[in-house]
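Here chain A shows up in two complexes: once beside chain B, once beside chain C.
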Partner chain A sequence: MIEFKLPSLGADMDDGTLLEWKVGVGDTVTKGQVIAVVDTAKAAVDVECWTPGTVHELVAEVGQKMPVGTVMAILSESGEKVGACGTAAVSPAAPTARRMISPAARKHAEKRGIDLDAVVGSGPNGAVTLDDVENAAAQPAPVTAPKPAATPDKSAEMRKAIAAAMARSKREIPHYYVAEEISLAKALAWLQAENLRRPMAERLLPAAVLLKAVAVALAHYPELNGFFRDGSFAPAAKINLGVAISLRQGGLIAPALLDAGARNVTQIMQGLMNLVKRTRAGSLKSSEMSEATITVTNLGDQGSQLVFGVIYPPQVALVGFGRVAERPWGDAEGGLKALPVVTATLAADHRVSDGHRGALFLRELAELLQHPEELEGLEK
Partner chain B sequence: MNEADIRAVALETLLAIAPEVEADELRGDKPLRNQVDLDSMDWLNFLLGLHEKLKVEIPEADYAKLVTLDDVMGYLAKKLEG
Partner chain C sequence: MTRKLSYREAMREAMHEALTNDSRVFLMGEDVGRYGGTYAFSKGFLEEFGPERIRDTPLSELGFVGAGIGASLGGLRPIVEVMTVNFSLLALDQIVNSAALLRHMSGGQFSVPLVIRMCTGAGRQLAAQHSHSLEGWYAHIPGIKVLAPATIEDARGMLAPALADPDPVVIFEHCGLFNTEGELPDKWDVDISSAKVRREGKHVAFVTYGGSLPKALAAAETLAADGIEAEVLDLRVLRPLDTVAIAAAVAKCHRVVVVDENWKSGGLAAEVVARIMEHAFYELDAPVARVCAEEVPIPYAKHMEDAALPQPGKIVAAVKEMLG
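And then the complex of A and B:
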């Protein structure tokens, strides 16, 4: 028998509430299969099974709030004989599709005390829009007993979760910071040429090239990629880039772009688009929540010039990219030109690496970005 | 497709990306990205949405012309005529 426990969903998530079982007693499950949906302070997460087996018992009940490590289900191993014990057949909850609710609608509903479950969505895929909430608000309240307004304030919970993880980071991790200005003239020229010949749906953004360069550079700096746990550092075998994604309603999540080292720029772009979309729709997998080995924050074209990152424990480094802007750039002949430049920063854990290595990592990153066409071809 | 239809498609596409936007409060003559928090991926998704709904090609070189909602409307109208 295998105890299936609520996995850790990141440093800032100590507990979760079971929203839905995706399997029933007697079902065969495979490794990686989504077996439950659990709500956390940050997002609803699809919890994946880490082992193949057969569901013997569903222990956790829908609506139950439990700390990480709580036994949620009992699985029997493949081939294991399950005695015909009188396990009360727990029927899986009828799968309810996760509802899309616009943040504005959610906010408005909270303000007006409207039960979103009772609102019919008219948006794409049944999404509940602000108009739907307003229409519901205009309806006379049903005379039946009022539902308790027990909707916890999601944004307050998110803030608390971020506070807990970041306070732990600043308390435990001796950060050091290094920065490097990198010319993106070649990378952007390559992107422009690529995008000119690509159909619209396959266009690349600078973020994809930056992420690829980070993944390639990291291969030579294992001390920046991994986890610091129980007093020692363990480098990770794969490069899972946590990508900081801001949410429209406030707060942020940094889910992992898994095995970024094995993807080319095009695949990273596709993975990134998919990850951002699912993050904002609240449809992330547990592996994406817990397996990032380093975080990359890319402020994009609306951001500030550079960012001093706060490491997400138990990771040991964070790479930041500021806004790409035209800046004066001296060339080898002593000339001065205006070129698109980005400031890359590294915040890293001094228990594991030193500033000198951090600086070399950024130099390698800068060098890689001078040969963007090679990045697309590099798959390792 | 008249101007009102194009506007409806543009707003629908925008709202799918930024549901918090109050369409009535958008100024057509002010830079869109000063009024709505759109990062480069949101912007790409906005243009992709327009491309899919209206079957209009929007080369990257034209992005610079698309600053305000009025710019976008005018650009789409011209493309749909041609």
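And then the complex of A and C:
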């Protein structure tokens, strides 16, 4: 039997509310199949199954709000026989995210009108005991926080989620910053030529070229692509570019353009459009929410000249692109021209990499953007 | 007024009194006569009451327990002594299929006012075949009462009401208690229907009986030094269990450790825990813990036997873990 648990869809996610089951008991599911829609503070997310199997039991109920790690469904592995009683294998009390509150503490809290959420547990494994409730009852009544409105304020929740992740980032990650001005003259000229011969639907935006260049450069800088967890860094096998997408109602999400390293510019463009569309429609997949290995923020036409980002933990780096603008540019012959220029920045985790490597990464990025025709051909 | 005597003396006095006061009472078992009892409970009885009433039997538990059932059906009040609970398995058919069922199967026409006494428990290096605690099996059977006297008072006082009971009563005497001494009051308050609190406390309740009672009391003493007040509930009667007293201990202390020498799987402690779930779940402040025998045949070697049994240190450790 396999316990399918609510995955963490990002460092800022503590819990989720089940909106919809996409499968029923007895259905066969494949790896990557969307099996449920879960509402997080940021968006409704399509949760994918990470293993093939057969749905044996749907544990979570629609509308149920649960902490990350809660068992949502029980799957049986292919070929596994499930007894009529439904307990093929009994694992002793798997730890659940449910708070441990003793029955006596619950009863007493109810009698005294104590809010158990506000009681800190002192028993084994943090269990809330009778004494804890009595101590809480002995405290002067706290000013009761306003009850959350019946319909939670989505944008306020998102702000809270962003606040939690960004505060954690600035608290835990020693950022260093480097910046590099890059001429996009050749890249934009190539784009223009490319787009002229392409039908409207297949035309490319500068963002796709920039993302491709980042993915190619990252292949040589594994210390920028991965996760810092439990005191150590683990480089990621694939390059999943988290693309910061601002939402019309405010706030932002950085879903992953999965395996960008293996896509050419055209494919990145298609993936990006698809991602933006689904982000704004609120139908992202769970892997896109949780598997970004680095974030790229691109301010675009509306932006300022440069941006120093805040790393999204547990990632270790963030690449920023400012607005592309015509600027004076000195060439090798001592001449001065007005060229389209972008300032690329890197915010990176000093626990994992040093400024020198960060600078080399930006220089490589700049160099790659001088040969855009090669980018389209490069698949890895 | 009280006077000091041993568990052995208390039990001997109780039998002596029964034999003296009621001519229907007689004692039967292996070595109860000429040898004076395997544990010297009936020393001098043969000389005093004669071979008609103090009867040595062959090594045939099935036979002499059956004879006791027949005698009780015929109007006598036999006390049948079986040397240890391990040997009583030979008599299980008589006890479970006959003694416990005759009232039911005769539609109330017959009763079996039989008392069976046997030794149980470990701790004296008598090895696996003389050391097990199977009273929990007997407590499973409707139709019999199961007693476990653990104090001088109960050893002295439980036999009379057991003999007065119209149905079979099985008395389990823990072999580790025979030499314990205590004060016996002139008048004692003993019944065969209720559990009894042996020590008052409020932080944790020990539910125990028989040979584990002194261990639980010792653990309570140790814990008292740390300011933890343990209540000790002596079950005394294993069937029918005093559920009210168990629930009251849970409601008072909110934490429970069940201590007995049974193995945990399917043991009496499991039944106690189940009743707590049924009757006192909402009073619990922590999962109920059990300190029982390890799931092995009781070893012969002293250090291994000690390790296999509940000990005060294990009980204290269980409490500490529970309190976190």
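As a working rule, the second predicted complex is superposed on the first by the 316 of 380 C-alpha atoms of A that agree within 3 Å, B and C clash if a C-alpha of one lies under 4 Å from a C-alpha of the other, contacts with A are read in each partner's own complex, and residues count from 1 in each chain.
Here, a residue touches a chain if its C-beta (ideal position, glycine included) is under 8 Å from a C-beta of that chain, and two chains touch if they have at least 3 such contacts.
These numbers come from a predicted model, not from an experiment.
J.: Does the superposition put A:Met273 against chain B (first), chain C (second), both, or neither?
T.: In the superposition, A:Met273 contacts chain B only.
J.: Which partner chains sit in contact with A:Leu130 here, chain B, chain C, both or neither? Use first/second/both/neither.
T.: both
J.: In the overlaid three-chain picture, which partner chain does A:Leu196 touch, first (chain B) or second (chain C), both, or neither?
T.: A:Leu196 contacts chain B only, not chain C.
J.: Looking at the overlay, what does A:Lys170 touch: chain B (first), chain C (second), both, or neither?
T.: A:Lys170 contacts neither chain B nor chain C.
J.: Does the superposition put A:Arg248 against chain B (first), chain C (second), both, or neither?
T.: A:Arg248: touches chain B, not chain C.
J.: Which one hits more chain A residues, chain B or chain C?
T.: B
J.: Mind working out whether A:Lys337 is in touch with chain B, chain C, both or neither, as first, second, both or neither?
T.: Neither: A:Lys337 stays clear of chain B and chain C.
J.: Do any residues of chain A touch both chain B and chain C, and if so, which are they?
T.: Residues 102-105, 124, 127, 129-130, which sit in both footprints.
J.: Contact residues on chain A for chain C in the complex?
T.: 102-107, 122-125, 127, 129-131
J.: Given the complex with chain B, which residues does chain A contribute to the contact?
T.: Checking each residue of chain A against chain B gives 102-105, 124, 127, 129-130, 192, 195-196, 200-201, 203, 205-207, 246, 248-249, 272-273, 276, 300-302.
J.: Considering only the defined contacts, which chain C positions touch chain A in the complex?
T.: Checking each residue of chain C against chain A gives 254, 281-286, 321-324.
J.: Considering the complex alone, what residue numbers of chain B touch chain A?
T.: 15-16, 18-22, 33, 37-41, 44-45, 47-48, 51, 57-61
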